[in-house]
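One chain, chain A, appears in both complexes that follow, with chain B as partner in the first and chain C in the second.
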Partner chain A sequence: MSTYRQGRSLGDRLLLVAVVALAVIWIAPIVWVVGLSFKPNDVLMRTTGGILFPPFTTKNYADILAASQVFAWMLNSTIVAVGQTVLTLIIASLAGYGFARTNFPGRSALFVVVLAALAVPEQAIIVPLHTMFAAVDLHNTFVALIAPRLAFPFGVLLMTQYFRAIPPEIEEAALLDRASRLKVFWRIVLPLSIPAQATLGTYTFLHAWNEYFWPLVSATKPAMYTLTVGLASMQTNFAQTEGIGFLMAQAVFAGLPVLILYLFFQRHIVSAVAGGPVK
Partner chain B sequence: MAEPAQAGIGQPSLANALFVAPYMVLVTGLLFAPLALGIWLAFQDYDMLGGWAGGVGLENFQNLWDDRIFRGTVRNTIKFVLMTTPAFVILGLFLALALNNSLRRSAILRTIFFGSSVLSVTIVTLIWRLIYLPDRGLLADILALVSLPGVDMVNSQIWALPAIAIVTVWWIIGLPMTLFLAGLQQIPAELYEAAALDNASRWRTLISITLPSIRRTIVVVAVIEVILQFQLFGQALLITGGGPDNTTRPMVQFIYEAGFRDLQLGFAAAASQVLFVLMLIAALGQFWAGRRRA
Partner chain C sequence: MLRRALMPLAGAALGALFATQAMAQAKTEITFARFFGACEGDYGTSQEVEKARGECGVMTTLVNLFNATNKDNIVVKPQIIEWGPYYQQLNARIAAKDIPAVAVMHTSQIGDYVRYVEDLDGAFKEAGIDAGDFTPNARTGVTVGGKIYAMPWDTHSWLWHFNVGLFKQAGLVDANGQPLVPKTVDEMLAHAKQMKEKTGKPYIIQATSGAGDFANGGRGFYSWLYDQGGSIFPNGFDKADFKTPEALNAFGVFEKLAKGDYITKGLDGSGGIGGFLNGIGAVYITGTWRIDDFLAASAKPGGALSEGYTTRVFPNLFKQQAVWTDNHSWVLPKGGTTPATRKAALTFMKFLWDHNFDWARGGGHLPARQSLMADYAKLPQRQFVVDIPSFGKALPHDVRRQFGFQNMIGEEVSNIINAGKTAAAAADAAQERSVALLRGR
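After this line comes the complex of A and B, so read on.
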């Protein structure tokens, strides 16, 4: 919806100039870093100016392919993100349907519990959570990397809200025909919720891919690092590093999948954070 | 979000509880159980090397209170929240107002401003540490262009925390912008039509229609940002490591170091509870203030 008349007043133009200037500031760091990733490391030791001029090299990217652990970390991140996304979709859809559309004793009380979980930040539980996983010797496993996030209530609340908005008449008819509850959920309600699944799925994937604190304390063996933790582990001695171009190539390489995902699924990501579609 | 009570469809049956059972097991085992364990730990003398040495009452909290570094992290965190929250609200609202239309160019600009928030904290800090390099960073290059001396922001006691704040605003301005856009789009078009009939100016429309209509969104965004920025961790750890001279060490980094480097679980759990309570107070306080004005 356009809420302003699109005039061509001086004010409009100044506003446009300001916003475009900000956009340049926003995008300049990324352009600069992509440029640096194509520069030889020995040149970058002296200066990072003149990224528009030769010499250029693709050696930094070739080095990633050759020696770096980035591929292994990327695979770990993929397993964690896909696992967390699939499990979140299943668990949150079931729970969301249960809360939105079925009746059972204690339903309202349990829903209040879920709402209360919203107030608990990761930082408040990370120390005891780590102790619990250590007690059962599960650190440095995918179970430890995937499971804790499944307990956070965002997905359940999102799905509950979505299922409530679906007109109940379709389900009521099916239930009169003595269809089982699970069948109604599976055959009728779930297919109607594809847009919400896409939103929750994209959001969960991104969140899992970018998560830092829990993988940092749980995956302590380099072979189990996720991409986020692995890249962080290479940032020490940054100012003295002889491989700025190499570091930047890894940053670009690690950022590319999410940026591509973002360009394709932007609508879903935006509606996940806004709690509804934004035009 | 969703309202707690609204009747479902069909006969009540205990079997229906099976739908919510998997999640309830997870939230109990992996969220409320550690929360309870953490609260218990906060009152225990427990470190990973020495083992459990019994309850100590409020001693962990007393030690926190006496710990100069911890008090510093509380100050740093609150300073950081006070720096970033207004920036997120004002800049987010400005971008939303400027880009709330169906022009193609606005869609592209929205994509740009939101785009940086999909990157991980590691990539963001990698980029910005390079920008902040005092001798050959992008910032130094730009300052040199206008003949200004470069500042080693990351190693300056004055500039290090603002430097982290700038990175954070660059990183996730997309969230407040999006929340404001959603708020703006819920304003009924009739209100603007009435204003247009009255020949109200743009400025007047903004002050007397737009801003009052999204007052609730402004409070919500401020509360969300306060809660989010209290959790400052990765940016500080990776850009400054908490330095120089502890001027940028946030509370979460203190928890991380106490719990996972020094392995003092009871002490770290106590610090977590302090953070949790501070976040709740800040959120409730702002919510209450917003309600009263509304």
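After this line comes the complex of A and C, so read on.
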């Protein structure tokens, strides 16, 4: 290690300094948010500077925990995020494997249709989606919160590309040994795709956890609120001026589970952001 | 032996269980959709309405009190949603037939919802709510086509809040030490110039940069437009006209303030209110709901407002006093009640009606009841705003998407203040953008 340090070029050192500087710049607003969350709201009405100096308070967090349903909202978010993640992984993996490895009439056309769905903005389908779930009386259920997001074209694309990158010879050997296609998928291909599954799973979980608009219009009963909708419902009409500390505490509170998830899956998230699955 | 001893106990327990279930079944639950936030930490179980402060505090306490004291076994179940997307969610609920029994609604929105809410003329008589006690402003707000569609809850309006210390420093006070309120545009500009010369500070603080701040510019524009007797719909509601002399004048006031550097630039709501509390400018433009916050700040020694705070109605710089107003109100959405829950909903509305003064005192708005105005005027600073319901004005209910218009106009006002756009260019842009807002009405 010390040899490596001694061997660093000036360019490496400058790069390191730049990275550290950028990291500090990036983390400063987060530190500021955490700092503000421990300040009294009436103090923040006057100024949002001086987060390092007293007075401090834990009241903003106490107010969140005082909401009788806050843990129910957290549980709802967990059910939705986990459910959506697991089902998305199953569907995207099966679909991706189908597109990558099997031949059936219209495969290319169907793949194009799936890819075309990437270009459809959520706002364009929200009204028919809402009407559809209203027609079958499914609003205010976990089915309504989870199901619309399972058609996830990016996931299918990601898994298709990943499966295509796996050498077919590995599967051919198993097929020659008379293994069924499903067995090959389950025993050989799926374990090889775990890095891609982790990337897709992390991405899906984060998206589901942070989602606001669909839960807002679908889960209208407080008992069915997700954490994002529930926390937002607690904000007063003038929260941005008279309740800044409370807003910041909400941001920290909602972000904590995701932060914990990040600590576990850091490698895969970084890989996802970098644009490719971990190999 | 043991079985014999336990039998009567088991019987009693079963009896108690059935009795409890029967009582629970007799309860009538009504859903109550509203914004104003949730504050269980401070008011979760409180029933002391007189001690409640802020919209959230008063609303939460009133529901607690009603649930605890009503004789009809009615249970109000609040369904609280964030203010910003409240109407989007209400639309979705109406479409999905998941309709609340009682819902809060700005009267500026009632025109959009008139097909979806009950006409309440008969219901008020049934519930004992005296519509004759509505203030003129509240009555106009809840009436569409001669029928009443909501129970008015308040009037809220647009004010100038004064840092009296800075006005004294600038020599802009009368013999009683009260700030001089301009009566014309030229007089205002002269005051602003004097303020800047004597204190080095801008005359006006206005939040103009956050997404939630655009309403501010819209409300100021409307107020100065109405002061001239103007309208953005002089020729019917199918086409807006932002190029009337009155509309150009209203935009023009902001242009003159911006050109003289008499108004703050680039502040959001938080920066604006913090700026006023720290004395960065002399007048803060915001609503009736801020009076108590500023009174509390002025009571603290050593603060920027410690030399005095007062408020006045948004000043008339033209020919007649008028000012933008809106109202919170309560509606019964169609399909949200059964005959039993409808009766319960009306009982709850009557309870709210009886507590309208608590809302005005703690929530920071003007009452909707004329009979409460004398008492309201006795609250600190309220003598300066108590007449608003007699001259306050809003867009007619025929105008759809009123929040859309308010925000669009506010964005143009922000463009004038922050980006140096001319009044004429802002009027052109507003004219063009109004077409999209009116499309499909």
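Everything that follows uses one rule, which is that the second predicted complex is superposed on the first by the 196 of 279 C-alpha atoms of A that agree within 3 Å, B and C clash if a C-alpha of one lies under 4 Å from a C-alpha of the other, contacts with A are read in each partner's own complex, and residues count from 1 in each chain.
Assume a residue touches a chain if its C-beta (ideal position, glycine included) is under 8 Å from a C-beta of that chain, and two chains touch if they have at least 3 such contacts.
Only a predicted model underlies this, so the values are computations on that prediction, with no experimental measurement involved.
Contacts of A:V217 after superposition on the shared chain: both chain B and chain C are touched. Comparing chain B with chain C, more residues of chain A are touched by B.
Touch criterion met: A:N140 reaches chain C, while chain B stays clear of it. In the superposition on chain A, A:K59 makes contact with chain C only, not with chain B. In the superposition on chain A, contact of A:A251 is made with chain B only, not with chain C. By the document's definition of touching, of the two partners only chain B reaches A:V19; chain C does not.
Once chain A of one complex is fitted onto chain A of the other, the partner contacts of A:A95 are limited to chain B, with no touch recorded for chain C.
Of the two partner chains placed by superposition, chain B and chain C are both touched by A:A232.
In the superposition on chain A, contact is made by A:H130 with both chain B and chain C.
With the contact threshold set out at the top, residues 44, 46-48, 130-131, 213, 217, 229, 232, 235, 238-239, 244 of chain A are in contact with chain B in one structure and with chain C in the other. Here chain A touches chain C in the complex through residues 44-48, 59, 62-68, 130-131, 133-134, 139-140, 213, 216-218, 220-222, 229, 232-244, going by the rule given at the top. Of all residues in chain A, those touching chain B in their complex are 1-6, 11, 15-16, 18-20, 22-23, 26-30, 32-33, 36, 44, 46-49, 90-92, 94-95, 97-108, 110-115, 117-132, 147-148, 150-153, 156-158, 160-161, 164, 168, 171-172, 175, 181, 185, 206, 209-210, 212-213, 217, 227-229, 231-232, 235, 238-239, 244, 247-248, 251, 254-255, 258-259, 261-263, 266, 269-270, 273-276, 278-279. Within the complex formed with chain A, the chain C residues making contact are 35-42, 44, 54-56, 78-83, 85, 88-89, 92-93, 95-98, 210, 212, 268-270, 272-274, 277-278, 289, 293, 297.
By the touch rule above, chain B contacts chain A in their complex via residues 1-2, 4-20, 22-24, 26-27, 29-35, 37-38, 41, 95, 98-103, 109, 111-116, 118-123, 125-131, 133, 136-138, 141, 170, 173-175, 178-179, 181-182, 184-185, 187, 189, 192, 196, 202, 210, 227, 231, 233-234, 238, 252, 255-256, 259-260, 265, 268-269, 272-273, 275-276, 279-280.
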